[in-house]
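For reference, chains read A, B and C in written order, and residue numbers begin at 1 within each chain.
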Amino acid sequence: MKEYFQNIWYGLTTVLIGMRVTFKHLFVPAVTIQYPDVKLKLPERERNRLYVNMDDCIGCDQCARACPVDCIAIETVKSIPGEDLGKTSNGKKKALWVTKFDIDIAKCCFCQLCVFPCPTECIYMTDVFEFSEFERDKLVYNFVTLTQSEIEDKKANYAKLEAEKAAQKAANATSVKPAEKEENKQ
Amino acid sequence: MIIYDFLYKFVFNITQSAAIGDITAMIISGALPLLILVLPFTLVAVWLERKVSAHMQDRLGPMRTGSHGWLQTVADLIKLLQKEDIVASDNDRPLFNLAPILVFAGSYLVFAALPFSSAYIGSNIDLGIIFIIAASGFVVAGILMAGWSSNNKYSLLGAMRSAAQIISYEIPTILVILTIIMITGTTNLRTLSEMQTGHFWNWMIFGGAGLSLSKFLFIPFMLIGFVILYISTLAEVNRTPFDIPEAESELVSGYHTEYSGMKFAMFFLAEYANMFAVSAIVSAIFFGGYQSPIGYLGNTLGLPWMIPIEQFLWFASKGVFFVLVQMWLRWTLPRLRVDQLMALCWKYLIPIAFVNLIIVGLITVL
Amino acid sequence: MAIKTEEMVLNMGPQHPSTHGVLRLELVLEGEIIQKVIPHIGYLHRCFEKHCEAMTYPQVIPYTDRMDYLAAMGNEFGYAITVEKLLGIQLPERVEYIRVIMGELQRIASHLVAIGTYGADIGAMTPFLFAFRDREVILNLFEITCGARMLYNYIWVGGLSHDLHPDFVRLTREFIKYFRPKIVEMNELLSTNRIFIERTANVGVLPLETAINFGITGPMLRGSGFKWDLRRDDTYSVYNKFDFDIPVGEGKVGTVGDCWDRYYVRILEMGESLKIIEQALDQLPEGDVTSAIPKRIKPPVGSVYKRVENPRGELGYFIISNGTTSPFRVKVRAPSFVNLGIMDVLCKNHMVADVIAILGSVDIVLGEVDR
């Protein structure tokens, strides 16, 4: 019998205590904000959309190798002697034409592993987080600054150089070849 | 009543036909509470619920549609209106379509007997309270129909729980109302309200009018009765902590899981209409109904036509107050389990209501 | 005439508000009484273990984050110390202290979600939002430190990705001051509420013997009244330098090992975590956090098992190295997965509504169950 009334008592009092807590909160200012109108200031280490500063990129492919989800695709073409590619902001000399630097941000897992190995600090994460698109293809970002014709130009230049080298090699080889053949025969 | 008479005369003068006048006046005076009370109240109450819950949880709630989001419910209603009405292929179509109408009609029927003011009661029947209880029990049929015809196990469980719950909780409700009937000797809600006229100490919660010894003896028992009535009506409208039929985290949303668009909106409207209805009953029985606690401005100013309007405002504000308490409870409490709900009813509320009834009866005899 | 009765099979999930993700429970019901519970898992399987074999050691860390995504710091912590054991690296003191602080903050954040969602499962929405409000403060602390809010990639093999933010210590102290009253408030609103007690006390009682037989760990085991905490009993990092209690279930409102006990152990653990953080902040040494990070992680051939106390229980990593830069095999002993196995035993002869209460008190994260 005692337990019966105790139950009633606890039931009523704990409900009232709970009601007191919620009532107090009616007058506590809200912690939420009106998001698109009001935006929070993001901290400086914010890890959102990747950005590549192509002026500094030397095409070393380290970021692509660090990426656990393979969202960075880099292709490079060697420069031919006499071409000046300029220097990066921290004094490294560029030697490669970066003909492709695509980041598929839809694949990106925002782990920041690509940022640390970069020798010129040209790839980094920005605080831009509103970049949704209606088409998935638009989430593949191209960072290459060269135009398509320039890329073809560079490729052609390098191919030409290679071809010249190969021809040189072949020329050298043919001069040696007969001797080799003779040796083989013996 | 006044509105009915006025309309009747108006239509009769035009058409010179008693039958047409009668029917038109009935329809219009019957539709009035729907248009001037149920729909606007629901719109406001849904918005209030959102805002109250938001502020209790340190949130802002709807803020965009209108100032502080007051148009949010209207926007939602428009959205629901233009939504596709989905009926699954295995649903029992006739029952499925009938259920929301029945539930809504059941809760709307209650409004017919509510004493909004001394000048306007949809139907001033002598068995007012009994009618309200009967009509609100009507909802069970609709809910069972909805649960069964949805052909969904969750809906069925929800509907069965709801039926068990509503029927059980009618007992303590009736027992408390019986206590009141015993004291006042009337089941007419208007008479009951008129008995509590004057100031707030004449309300039933303070033992009713008069200054006899029994009035003071009644007070503690009236308080117990009020708490029991409030809890059991809360259970009857399926609100937290008794929202087991809808139990979002268990049964997804119970008997109205399968409904979409306007049919869902009808369940929704019915729920909020019901909330107001039971709050109005509680205030009519214990808190003087449409009577002002402090006297009327119309009397002081000598403008008797103002009194019914004031009474209406008092009635509405008392109702809204209890609705707000319901919301407050909802955003504070967890939900009971179905067997605990039954235990609360049969082990606690009914015995206490019974003892209360007997004691009040003895005091009345004294 | 014989009336034929049959059991009703109710599918709970994979889309259900209370299964905490994509878990499917097949409930065999008689009326509303549970006869049998069959959990079906695998809806969130992402081949974590197989994936690791194609990754280098540092590349695995972002993947470990995605197992128990509510306690990502704990997962990284466990993985990092396992690989460090394989490599035999000595860490700077500061790294260890920061790891402990992060781990404990993460434990509070994770328990807040557990408690909040438990409240929501039982039907009280307000504690849920209160819990998330407080968790947000912790996530902000993580955000200023490493830039991410959930999947940090912060604890690296041999060190940390960043040093603490200059404001971190001050903000953490402010958080501790802010958070203590919130625990009291949570107790007032939920823990002591009679309806909540009715719903959780004496429900899903887990006797200690059963718990040990099923390999249950973490707050569930402690809820059954056994003082077992890897931070103390198989100490790692610098946990042996701190003074903290191990709360256990006492059956205050019901039987030892019921849902309420499991819930309340989590509440008490948050207080203990606050204690550890306070001590760690007081003792925090100066130093460099990246100096011990190896340039190239190529552990010697061998295998190692190491376990840590995650918010959900014992998280173990078993790594086999074949001397290359990527692991030969990574096996994870996921606490949620093991704890989920007891659902059938706990739920028998309870009602449908209790399944929710029991599942909530087991506190699973599907990302970890399925991996």
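To be clear about the criterion, a residue touches a chain if its C-beta (ideal position, glycine included) is under 8 Å from a C-beta of that chain, and two chains touch if they have at least 3 such contacts.
Being a predicted model, the structure only gives us computed values, none of them experimental.
Here A-C and A-B were compared by C-beta pairs in contact; the pair with more is A-C.
Distance from each chain's C-alpha mean to the overall C-alpha mean is smallest for C. Subunit B and subunit C have centres, each the mean of its CA atoms, that are 45 Å apart. Centroid to centroid, with C-alpha atoms defining each point, subunit A and subunit C lie 31 Å apart.
With centres defined as mean CA coordinates, subunit B is found 60 Å away from subunit A.
Shared contact sites, meaning residues of subunit C that touch two or more other chains, fall at 126, 133, 189-190, 193, 195. Each of the following residues of subunit B touches two or more other chains: 56-59, 331-333. In subunit A, the residues that reach two or more other chains under the touch definition are 7, 15, 18, 21-22, 25, 31. Contact residues on subunit B toward subunit C in their complex (touch as defined above): 53, 56-59, 153-154, 157, 240-241, 243-244, 247-250, 252, 331-340. Here subunit A touches subunit C in the complex through residues 7, 10-11, 14-15, 17-18, 20-22, 25, 31, 42-43, 45-47, 66-68, 109-113, 116, 125, going by the rule given at the top.
For subunit C in complex with subunit B, the touching residues are 8, 10, 16-18, 32, 119-126, 129-130, 133, 189-190, 193, 195-196, 198-199, 351-354, 356. By the touch criterion given at the top, residues 52, 54-60, 63, 328-329, 331-333, 348 of subunit B touch subunit A in their complex. Touching subunit A in their complex are the following residues of subunit C: 55, 58-63, 65, 126, 133, 136, 143-148, 151, 153, 161-162, 165, 185, 188-190, 192-195.
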